[in-house]
Structure formats: structure tokens, C-alpha cells
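Input: a single structure, listed below in C-alpha cells.
Letters A, B, C and D mark the chains in the order given here, with residues in each chain numbered from 1 onward.
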Amino acid sequence: MAPRIASTATDAVAEISDGSTILIGGFGNAGQPMELIDALMECGATDLTVVNNNAGQADAGLALLIKERRVKKIICSFPRQSDSWHFDEAYRAGEIELELVPQGNLAERIRAAGAGIGGFFTPTGYGTLLAEGKETRVIDGKGYVLETPIHADFALIKALKADTFGNLVYRKTARNFGPIMATAAKAAIVQVDEVVEVGSIDPEHVITPGIYVDTVVALGGGK
Amino acid sequence: MTDTRTTEDKLTRDDMAQLVARDIPAGAFVNLGIGQPTNVSNFLTADQQVTLHTENGMLGMGPVATGEDIDEDLINAGKIPVTELPGAAYFHHADSFAMMRGGHLDVCVLGAFQVSQSGDLANWHTGAEGAIPAVGGAMDLAIGAKATWVMMSLFTKTGESKLVETLNYPVTGLGCVSRIYTEVAIFELRDAKVFVRSVHGISFDELQARVPVELTWA
Amino acid sequence: MAPRIASTATDAVAEISDGSTILIGGFGNAGQPMELIDALMECGATDLTVVNNNAGQADAGLALLIKERRVKKIICSFPRQSDSWHFDEAYRAGEIELELVPQGNLAERIRAAGAGIGGFFTPTGYGTLLAEGKETRVIDGKGYVLETPIHADFALIKALKADTFGNLVYRKTARNFGPIMATAAKAAIVQVDEVVEVGSIDPEHVITPGIYVDTVVALGGGK
Amino acid sequence: MTDTRTTEDKLTRDDMAQLVARDIPAGAFVNLGIGQPTNVSNFLTADQQVTLHTENGMLGMGPVATGEDIDEDLINAGKIPVTELPGAAYFHHADSFAMMRGGHLDVCVLGAFQVSQSGDLANWHTGAEGAIPAVGGAMDLAIGAKATWVMMSLFTKTGESKLVETLNYPVTGLGCVSRIYTEVAIFELRDAKVFVRSVHGISFDELQARVPVELTWA
């Protein structure tokens, strides 16, 4: 199914409801779907589980969702930053649940969800606090931890361009979590700089095939 | 041919392909197995905007290539030269099977040796003594798509039903088939029952007499 | 390390020794590294374990290696074809070991090796003959089989172009197993139509980064 | 500075970075952790043809970007704008960490709170009461590369050795560190022993007196 082309970011996130699990792309500002996050803020959905590499910074985007206690749980690799004060406060108040995951396991768990893998043995985290309570196994003399897929209801991601079939290309390190998050959500909502005609992205260069994309909104900008 | 619930004639292979094609929802992502299912593509209309997946690494597969369009780098899972449609995408084998296994395809249409009343599929191996087994993508296809449909003749050459209570061929995938298109009837498997959607050249009662599972007229 | 640029296919495979495990790319003729396989035939290495989707066809390439009993074991998804007579004969004579793997599990096992994953639970094959003797598990009501990575000594693959850093691009469905096989072998040997200067492949379009490529040989041809 | 085995002065941070840079084999693929290790890139020579990996999805990372070269879509793992060198490649996060976890990088250089004599690394969490934990890519980096080297000051502010018998901070990775660069000594961990490659501003005997693990002059 060709994706829905939403007219605004608000329209794009309109179906997100309370209690949803949402994958949010981006690493630092690169690939962060700022406008979609702002629209999520406006739309009022609460009781959310959010998966992102970080836990929000300063007074914008994800940090505001956390400030407003709209996020009940965050799954991330690096919540603590110099300007993650809203997360810090919510966490210390016991008002947000944190599932801390090594970054590569986070990425692989998201990929596993998209790929229909039920679980996988990873060496990362073996013997550490983050493996506590998890199944472990020594394979060929090396220790591994069993990690499980992270499925989600929605993914909010940013790409450079989409064609009208939803095929995506990204830009430089802004690619980061986008391609795997698109595969792991029931519905991937993508903000792009522009939507182009089908046929204008070389099939060899497509990074996310349109099958993974449900909603696209063009927000201009970009280089 | 029209989709009446009872016809005097059996369905031809083209009739079956046409019915399958008509049942594929608009905009669906579909994998058509090797053999009879491939024929379904001939009956898909442009309006349906169906995107075809081939497990050797492509979405947006076009018709079989002929003449100068033949390109040995562009083949389908049956190793037949095909073409590329606008909006196509290429990806490697792990990504392609992740797409299937991850449940992203809407429909997969396969041939079968047997299907059980609970939707178990046998289509990869006869289990015959001395046969060399080969599985290819059969098991991935069977369990990967949101819906797996089977196209097969309902009866063997010796008249046995291929819709069975339990498989006596080796399993390809368990509980995966939701619909069966045959020359004499179309079956839907849901709610632990076998529904008959239509009969062709046979009455429901005759059909029930020849098929060893309880049928329900849908 | 920038890859070695070999002058001939024979030179490219010179380090392959008896007893090696070799991943061979290709699906049908697309992406099949014909010249490298022929060179492997010439180089004399025997007692090989070969991983390929098929088990050779007619009287060429992999089929000849099997005919000459140079392959002690093959790991593949589809050995039986109308023209796989050399495999059929070796198999019926008990002179080649067959490990039959569903195609998607084969791909995922190769990827797992490259990705440092110790094993993964896949739904494909659950409840079938091909899961016999393997660990299974029901996760959220669905059955899975534990599959293990396939590591190899060498990969023989075909790409369209390499730059002098070994970055690769492929062509259409000839991409198939190449990108994952390159990651799973200690040494990936790649035949390409041409070797181009560094900088002439857009970093956004690289499919196999040069880190995975050890030897490149340019054989011309192509479109 | 030259790589003599004994110098009167301690190594400066730049000295350490220069020594690490010099030890990186020509043609290596390298990940430099956030903080002190990043400085190593300033001492890599063009002749070395080292390719830098950043775990947020790039090989062929160039120097920090300044002025008009700053591009918010092109950053390193420390979220600092960087540049792209010819021959670079971009990939997504799962592919990037697969590259690390799969053992494809030759060297990873990290900071540390502590390293044990068996190469266990602690660098992600102080374990302090009330501290908010954050791990990022630390655990992936620690165990992923063919060789993991640490750069750290050998002693805490209160004079305790950070090279220890067993960690008393939470583990990042077990048995992963093979070399430690400090301001007073360079250590190599192999064959279940701790070898001292060089000493700086300290004698071997003094060093042994202050470090609670058995040292061997290499």
C-alpha cells in the first residue's frame, strides 16, 4: 500500500493513542524527527513507552514529553546527559521507568522485531549488571546474553526524501536508527524534506523500501 | 468468469489464478510462489497497485522479461528473467527474508502437496525413500506472510483429497494456510473450521463425501 | 586495510587451502562469481565445506567441484534441480554431506556470523524435519528454532564495482547473498566488473563497506 | 617524543595519544571512544591510512568540522560535527554495531575507571548510590574490536591504582582489554600476565609498589 501523505506533522501523528509504544529515530540532532515529536506533544497521547537512544535533552522534543509525564517508560542506551534534567527529575521521582540497553543491543533488538526473530544471543553486556536476570549461555567458550525483540506500535523517523511509494533515502549519519525502526513498528510515520515522484529514486539506492512506510509528511527544509 | 458460489464447470488454472488475483487487496505486497501461483500476476490489474516481492531481493518486480529486456542480473525466485517497475527496490538476502519472516508481506500464494484442516502445509518434500530433499524458501514463505493462500488441485491422480485431517507428507509450516483455491472448491480456514466459499463442477455434498474433514458452507 | 587488488582470478583465490569453509554468492546465475569458482577449481584445494544457495548445476562451476569430490560438505537450501546431476550422484554415493537449511535461515545464519550473534530463534522450520535435533522454544505462543551462525574462512562473491578501498556496489538481484557473505568470512574475495578510484562511489550508495573486503579482482564484462 | 622504555617525565595527554597513534597498525579500522581517545586522531598520519569508524553509522570519518563544513547530519558518537573522507560509507545502527560486535574493527581505544589484571573493563557506571546509569555504546565497543586499548591516568586523585586485581566498579566487558596507556606506564595484558612495556617518571619498582597486581618487565 502506498503510504498516506499527511499534510502536516499533526495530521501524521493523529492516530497515536494512549498507551502506545513508539520508536523515535535520531542520534543527537541527526535524524531526530523534531516536528513529529512536537506534534506528538500536541496530540495529547499519554502513558507512552518510548524507545530512543537518549532520554531527551534540554527543553525540547522528547524532554518535554517526559516533563509532562506523558512517558511512562523509556527504553534507551544513554539517558544521562548534561541537559537531560527533565528525565533526571522524573527518574529520581520514580515517575518514569527506565530500561537501559547497550546501544548495539538496542539496535539489534529493534532489527530483530522487524525481522521476525524471537530472540538472539549477543556477547554485549555479558557478565554485566545489564545482563542480570537475563538468560545467558556460553557458546564456543564465549559468553552471550539472550535479548528479545522490541516491537512497537509506531515509529517516528526522519529521512531525506520519500517517493510516493514510500521508498526512503537518508542523509549521512542521520540514517542511524531510521531504517531499522521503520521495520519494527506496526506503523512507521516519516518526516522528509521532500516527497518525489515514483521512479526518481534509483532502486539500487533505496534504503528503506516503501513496504515499511505507512505515513509520510513533507516538511521542506534540508540541504 | 464470475465469482459465483456454484458453477457447473470446474475452474481452469486461469480461472483459479484470476480468482486469487481478484481476492488480493488493493495496494497489497505479495509474494507469488514458483509454479501455478506465478500465473496470478497475469490477472492483477493496474488499479490494484499490487507490489510483487521476489525473495531473491526485490520489491516492485514487473512481468517476465523478453527479448532485449532479458538481463541475467534481474531474475525472480524461479530464476526466470523479469523486469523492474518504477518504485522498485533491491536488497540483500537477509533483508529480503527478514521482510518475509517479519510479517511485512500481506499475502503469499503457494502450491501444495497437502494442507491439513488446521492449516498445516506440506509442499517441500514428498518424504519418498531416496528422494533428495530441497527446501529453498518454502518454509520461510509459508510462515512469513500475514496470509498464506494455497493453489492446488484438490485431488491426487488416484482421487485422494489433498485437504486432509493431518498431513502425511513432511510439514513445511504449521497452521499457516488460511485459504485454499482448488479446481472444484475454494476453502477458508478460520476459527478452527474449514469453510467452503464456492463449489465448481461438484456439489457441496459430493465434496464433503470426498474430503475427509468436516466442511461448513460459508 | 585497503584490499589487495589481484591481477587474475587465479591470483585472487591463491590462499584458499584444503579444508576451508567457503561461502559462494549468487542465486541462479545472478551474482554467481563464475570466474572465482573456476579459479578455485584450478587451484586444487580440496576437502572443502561450501555454502551456497544451491549445489551446482550442469557441468560448470560448483557442479564440477562436486564432480571432482573436492567438496566434503555442502550447506544449502536447494540442492535438487533438474541439472544437479553431479550433486545427486555424489549424494547418493554417500560422498558428500548435505546440511539442508531453509533459505531465510541460511541468510540469517550468515548475517549472524558477520554480526557476532551467537544464535537466534527463528520461526522458520519450526515443527518440521529441518528442526529435528535442534533446540526449540515457544515465545509468546509462537514456535521458534534456535539456529547458529555460519562462519567461514573465505567468501567468493561478485559485485558490480569496487573502489580501491574495497567499497562495493552490486547490480539488481545479483546483490543477493554478497553483502552478508562478505561479513561472515575471514577473507572476502570479490570479482567485479571494474575497480574505480576512491571517491567515485557515493558514500550513501555503498552496499558493502570496504572493511569487509580483502581481495578484489577486476574481470571486465558487465553492462 | 620517542618511544623509549624509560623517561624521566610523565607522559602528557598528547604524548599518550601520540603513542597510541603510532601503535595503530597501518591500514587499520579503528574506533576512538569519546573523550581522551578522540585526541588520538590528531596524531594519525596520512601514511598510516587508518579508517575511523563512528558507531552512529559511518566509516571514513574525517576531522572535526568547523565553520561552513558543519552539518548537523554528519556527527560522531560524541555528537560533534565531523567531516567525511573519500571512500567513506554510511550505514544504519544495526549494521554499524554488527560491524563492531562481529569483530571487524582492528582496534578500539577507550577511557576507563578501572581495568583488572585479566583485562576486565569498567568505564560505564560508577555504581554510586543514586547515580543515573547510562551505557551508550560502551559495552559494544569494549567487547567488539579485535583489540581494545585503554587510555587512562593510572592513579585516582587519592592515589589509588586503577589497574586492579578485580574491579570494584560495575563491569563493562570481561577480559577485553589488551593494552593500557597511562601517564606513567604502558601495560600489555597477555598470557594471563601484566607486562610493563615502558615507565615514565617512575621506576619499575616504584610502579610495582603502587599497583596491586604482579607486573612483569616486558
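Things to note:
Here is the rule we use: a contact is a pair of C-beta atoms (placed from the backbone, for glycine too) under 8 Å apart; a residue touches a chain by one contact, two chains touch by 3 or more.
Heads up on the chains, UniProt names are A, C = 3-oxoacid CoA-transferase subunit A.
Because the structure is predicted, anything quoted here is derived from the model rather than measured.
Listing every chain that touches subunit A and subunit B alike gives C. Most remote chain with respect to subunit B, judged by CA-atom centres, is D. Computed from the mean C-alpha positions, the centre of subunit A lies at a distance of 29 Å from the centre of subunit D. Averaged C-alpha coordinates put the centre of subunit A at 33 Å from the centre of subunit C. Spacing of subunit C relative to subunit D, judged by their CA centroids, is 35 angstrom. Counting partner chains per residue, subunit B has residues 58, 84, 90-91, 97-98, 100-101, 144 touching two or more of them.
Within subunit A, contacts with two or more other chains are made by residues 108, 111, 115-117, 122-123, 170-172, 203-204.
Taken as a graph of touching chains, this assembly fits none of the simple shapes: it is neither a line, a ring, a star nor a complete graph. Across the assembly, chains come into contact as A-B, A-C, A-D, B-C, C-D. By the touch criterion given at the top, residues 1-2, 111, 113-117, 163-165, 167, 183, 198-199, 203-204, 206, 209-212 of subunit C touch subunit D in their complex. Residues of subunit D touching subunit A in their complex: 54-58, 71-76, 79, 84, 90-94, 96-98, 100-101, 125, 130, 132-140, 143-144, 170-174. Residues of subunit C touching subunit B in their complex: 27-31, 53, 77-81, 87-88, 91-92, 98, 100-105, 107-108, 110-111, 122-130, 143, 170-180, 207, 223.
Those residues of subunit A whose C-beta lies close enough to touch subunit C in the complex are 108, 112, 115-123, 137, 139-140, 142, 144, 148, 169-172, 203-205. Across the complex, subunit C is touched by residues 26-29, 49, 51, 53, 58-60, 84, 86-91, 97-105, 144 of subunit D.
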